[in-house]
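To start, I am sharing the structure in question, which I have written as structure tokens.
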Amino acid sequence: MVDTIILLAAVLVFPGGLFVLALGLGLKGVDRRIAARLQRRVGPPLLQPFFDLVKLAGKRTLVPEDACAPVFLGAPLVGVVAMMVAAALIPIQGVYTPSPILGDLLVLFYLMVVPAVVLMVAGSSSGSPYGAIGFSREMTMMLSYEVPIVLVVVAVALRTGMGQGDGITFSLTEIVHYQQIHGAFLLDPAMWPAFLAFLAFLPANLGIAPFDIPEAETEVLEGPLLEYSGPALGLFKAMAAIKTVVVLSLGICLFLPNAPDGLAGLAVQILKLLVVMTIGMTLLRVSLGRMRIDQGFAFFLKLPMALSIAGLAAAALV
Amino acid sequence: MSTYTIPVGPLHVALEEPMYFKVEVSGETVVSVDITAGHVHRGVEYLLSKRTIFQNITLTERICSLCSNSHPEAYCMAIEQIAGVVVSPRGEYLRAVADEIKRIASHLFNVGIMAHLIGFESLFMHAMEIREIMQDVKETVFGNRMDIGANCIGGVRYDLDDDQRSWLLGQLDRLEPQIDELVGIYTTNRSILNRTQGIGVLSPAEAIEYAVAGPVARASGVAYDVRVKSPYTAYDKLTVEVPTRTAGDVWSRAMIRLSEVKISIGLLRRLIEDLPDGPTAPAERPEIPAGEAIAKCEAPRGELIYYVRTNGTNKPERVKWRVPSFMNWDALCTMLKGARISDIALIVNSIDPCISCTER
Amino acid sequence: MSLTRSQIVRSLSARSPWLYRINAGSCNGCDVELATTACIPRYDVERLGCQYCGSPKHADIVLITGPMTVRVKDKVLRLYEEIPDPKVTVAVGICPISGGVFRESYAVCGAMDQFLPIDVNVPGCPPRPQAILEGVAKAIAVWKERL
Amino acid sequence: MNFLKILARNLALGPSTDPFPFGETFTPKGLRGRVEFDAENCTACRYCEQVCIGGAIRFSKTPEGMRFLLWHNTCTFCGLCEFYCPTHAIHLTEDWHLAHGNEDKYAMVENGLLPTIVCTQCGAEAIAIAPNPTAFKEPATEGQKEQYRHLCARCRRKFLQGAL
Amino acid sequence: MTELPVDLEARLTAAAPAGLRLIQNTDAKGVTVLWCELADKNDLLGVAQEIKAVKGRLMTISVFQPTPPESDDDEEEDGDEKSDDGEAVPPASLGGIAIDGKSYELAYHFDLDGATLTIQVFLAADAAEVISLTPLFRNADWCERDYMENYSIHVIGHPDPRRLFLDPSIEPMALERLIPLSTLVNAASTKALWEKIISHQSDTPS
């Protein structure tokens, strides 16, 4: 009973649920503000993503005639829940250790696919040709970045497992623990190729330039989100915000989890999130244009693929 | 793979104006394009023959705001031919000044929008901020940021005093290094090059077949510029360089426009420095007899031709014009064939389509 | 209590007006100025919490330009219907307000408020970006009342 | 990556955003904004009405006199009226604050009246108009202009011929 | 600068057996404008072929119905600039087609390396047919569609005679119908508008 309550709290309040949502929206606000400064603008208030969400919550949701309503409306809900669970899966060094019941890296990995799947479902259920194009693009992008990220994760798991002497481990808690003792993988030259591959995965998974292809406003309007409105659209925005935190936290977990205990640990975590976001997302999206879908696909088949293979080899051999 | 049809437009965010394409695609590749035109058809030709010759100065300006100096300029030139009015040298120089200012602003807008379509918002904003220099020039010298109202029958409505001339030259000095930098970015930035090179190609032979005009023609190797081939206003006293490229792709068209911005800055300097003294426009409203005339000028998008017929009344009998986008637009069918969905907006934008000009 | 909460929600929501523009056959002057107003650092509508959206379903404030040509009339009306309530409509430039210089043409339907409710007018040909911003600010005030 | 240089510069320079609507903005001299009509100088030649493409200007005869109306909601602010006005009776101001609620749509009007007068010479009813400066051989004095304003059409002609 | 083919006049004359009238003007800036009136519309294709042979480019086609000299019907008001009587407008074209307000004048504007050559062809109202130049000049396509929807002229051999700009709900021959008659029943009329403005003015105390 107590376990269940703790689990629910982890998913719904901290570090999942409300906390991760607030954190995600806060990060988004900072991201927009920094981007604005880089473009010589003042930018929106820091709390703008909250305002947007509050507003969307109060608007009406329209379901297009051609759409299947349960699927159309259920998709974003599934996405948000999946992301909340995913957030509860990621340990924060010195602050939070997830219950092993929730699962390990492999479960997290599956959960992280959910948003993309949800977007595909949303796109195909909306009955708009642009939604359909968004769907096919989302699929193409997913196919292209999924293999490198699997290899990166395996590389980290292998490195940890070998360090511990039992082959391979998919427990995030152990990966974090191992690095806390033996030093961050970020400082380990053998892990650099894997880290670089992860950096390439980041914008693709989060739909940021140069890989914002499925949602490209000027090409397919807003792709899968075209037909959404009101609270349902708000759920997508929430999903995206939480996903940002999850993906960035995963990166921190895999490569630089080291932090002190307690509140200081939480502060360090947020600081790391900010730094990784600014470099890995904000700077990227303001300094690059979008790729074409075939270019994006080809890109992932080349550099990140090579890097991730090299990373795996290095993790195993060096 | 089976093909399916997607509608692009008519009210589409990526397009400034309503235009409607039915694009048949196979996967992400365009198989064929059907253009449905007419969304901005406002019947201006009809209205022109219902309004007086003097009202029409402003009406021609409202045909399109991006070429809003070229239309009244060509219209006034045609009326002047009919009425036998000779524009003073100062009036001619000032007309050319207005022409070049509009050209710079128009080209920068197009080049900026190209970055926007690639999703490169920062570069779009950067280009548009540079354009603001020209917008401020228009607002300060003419009183409006788009429809500058420079022309009247027999000359121009505005004048430049010495302070304004030196201020204008100062603005050009501010603009030029920023343009140089912008050219550098468009020449070397991978984001731009990867997306714009080799797409929307129009070969030199096709360019001649479709009789395309302006930067689109020049990017396909056709060195035609009305300012050189049949000079008007002060252009017979200037040397206008005509840049050409041969690749005929989206990128070449953007580069032609950027080169023309540079050339226009040079022309503006010459025009402002050499501005002759004298009146800018005749004191009296001229009488317009019956007659017919043709006037041509180089709008930002290329050759603009006006045919005006009057019958001695205060209303023109027939005013007909042909804008450069008219042919360029038709040529889109060739450029779009085999393109990818993501490139449609880019290719369409690369001809700098003026829908309101074309559909009237 | 519930009153104050709804007031808070309303004032928070009012800080997130999303813009959508409809071109009903304009000469593109107003559209260019709208693009300028919306997208460039000098005017930066994001300060007001605005952002441009690609879908009418996401919109709160609709900016309409152009004299409503016969050809786009149905499309514009359909698009307008797609925008969820509450929404505020701004007519930018004299064409949507009165038909402007194209009034009396066979291809133009004229003043937009015959076909759909207009809340704010921004006259000008085209209005300068600051004037558009002023109109958007007025529209936000109207919108806040409707939330 | 040449663009990073520009981003760094942008960061260093700070926002270039115009403070409007939260603060003052710049308004260039000569901006074409709200139109102002000065009935005192109007010669009722109605050139402005003839050159106005928007049909925004209307002169109409009323018992009180010749009424001038200009509706800003169909005015293109092109300035042709000002350009062709012989006496600068109509001119464009720099006021661009014209945004208004739709309820005020028809109130966006510039009004003017050329009042009906009784001719000081012959007692006929006429409209008070200003003389066109080109009508005088020498620049007219204020007194002459005032006298002219209170004459009927026939007496005006006589006045200009020096017959009065 | 423009260099016209030396044998241009000879070529055109040879291509138009029914006769033509050629006028050439060069302005102070050295820009040449040529006006060439054809007596017979059937010579159009031959002339166009000659122009194509000297690398001419079709710019556009203007069509209208020239008003007869005495018709001042469409001057509704403020007609202070009446045309002089006895004006030298010929009552018929070179080919003898009466200019009665119903016949058509087609002006094909060609560019010859900067010079403008306008070929004028007259069509009688009861024989309003002309051959399409689209097979010869690709860009004649839209020009011809443009005038087909505005005037009741039949273009022989046009590959794609759909409407170009006019909405299907608008009746065809817009320019032909509306310009002489001005039969406009439109909510956007200026008169209705001013009634509203004036009534609003009287409502509000000034």
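Chains: A, B, C, D and E, in written order; residue numbering restarts at 1 for each.
The rule is short, and it goes like this: contacts are C-beta pairs under 8 Å (C-beta built on N, C-alpha and C of every residue); 3 or more make two chains touch, one makes a residue touch a chain.
None of the values given here were measured: they were computed from a predicted structure.
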TODO: Using the contact definition stated above, find the chains touching both chain A and chain E.
DONE: B, C, D
Open item on the list: If each hop has to land on a touching chain, what is the smallest number of hops from chain C to chain D?
Closed with: 1
Task: B-C or D-E, whichever has more C-beta pairs in contact - done: B-C
Task: Most remote chain, CA-based centroid, reference being chain B - done: A
Task: From chain D, the most remote chain by mean C-alpha position - done: A
TODO: Report the inter-chain centroid distance for chain B and chain E in whole angstrom, where each centroid is the mean of the CA atoms.
DONE: 24
TODO: Please report how many Å separate the Cα centroid of chain A from that of chain B, as a whole number.
DONE: 45
TODO: Report, in whole Å, the distance between the mean C-alpha point of chain B and the mean C-alpha point of chain D.
DONE: 32
- [ ] Quick one: report the Å distance separating chain A from chain D, using the average Cα coordinate of each chain.
- [x] 61
Task: For chain D, residues contacting two or more additional chains - done: 3, 7, 15-17, 31, 50, 53, 55, 71, 74, 76-78
TODO: Could you list which residues of chain A touch at least two other chains?
DONE: 36, 38-43, 217-218, 221, 286-287
TODO: Please list all residues of chain C that touch 2 or more other chains.
DONE: 41-42, 44, 47, 54, 69, 71, 98-101, 103-108, 125, 128
- [ ] Throw together a list of every chain pair that touches.
- [x] A-B, A-C, A-D, B-C, B-D, B-E, C-D, C-E, D-E
Task: chain E to chain B touching residues, read off their complex - done: 1-2, 29-33, 57-60, 62-64, 66-67, 72, 74-75, 78-84, 87, 89, 107, 109, 111, 113-116, 118, 137-139, 141-143, 150, 163-167, 174-175, 178-179, 182
Open item on the list: Which residues of chain A touch chain B once you look at their complex with the stated criterion?
Closed with: 38-41, 129-130, 133, 136, 209-210, 212-213, 216-221, 286-295
Task: Residue numbers on chain E that touch chain C, as the complex places them - done: 166-167, 169-170, 174, 178, 184, 186-190, 193
Task: Of all residues in chain B, those that touch chain E in their complex - done: 37-38, 41, 43, 45-46, 49-50, 208-211, 226, 228-232, 236, 287-288, 290, 294, 296, 303, 305, 307, 309, 311-315, 317-318, 320-322, 326-327, 330, 359-360
Task: Complex contacts: residues of chain C adjacent to chain B - done: 22-33, 35-36, 39-42, 52, 54, 66-67, 69, 71-72, 75-76, 79, 100-102, 104-108, 125-126, 128-129
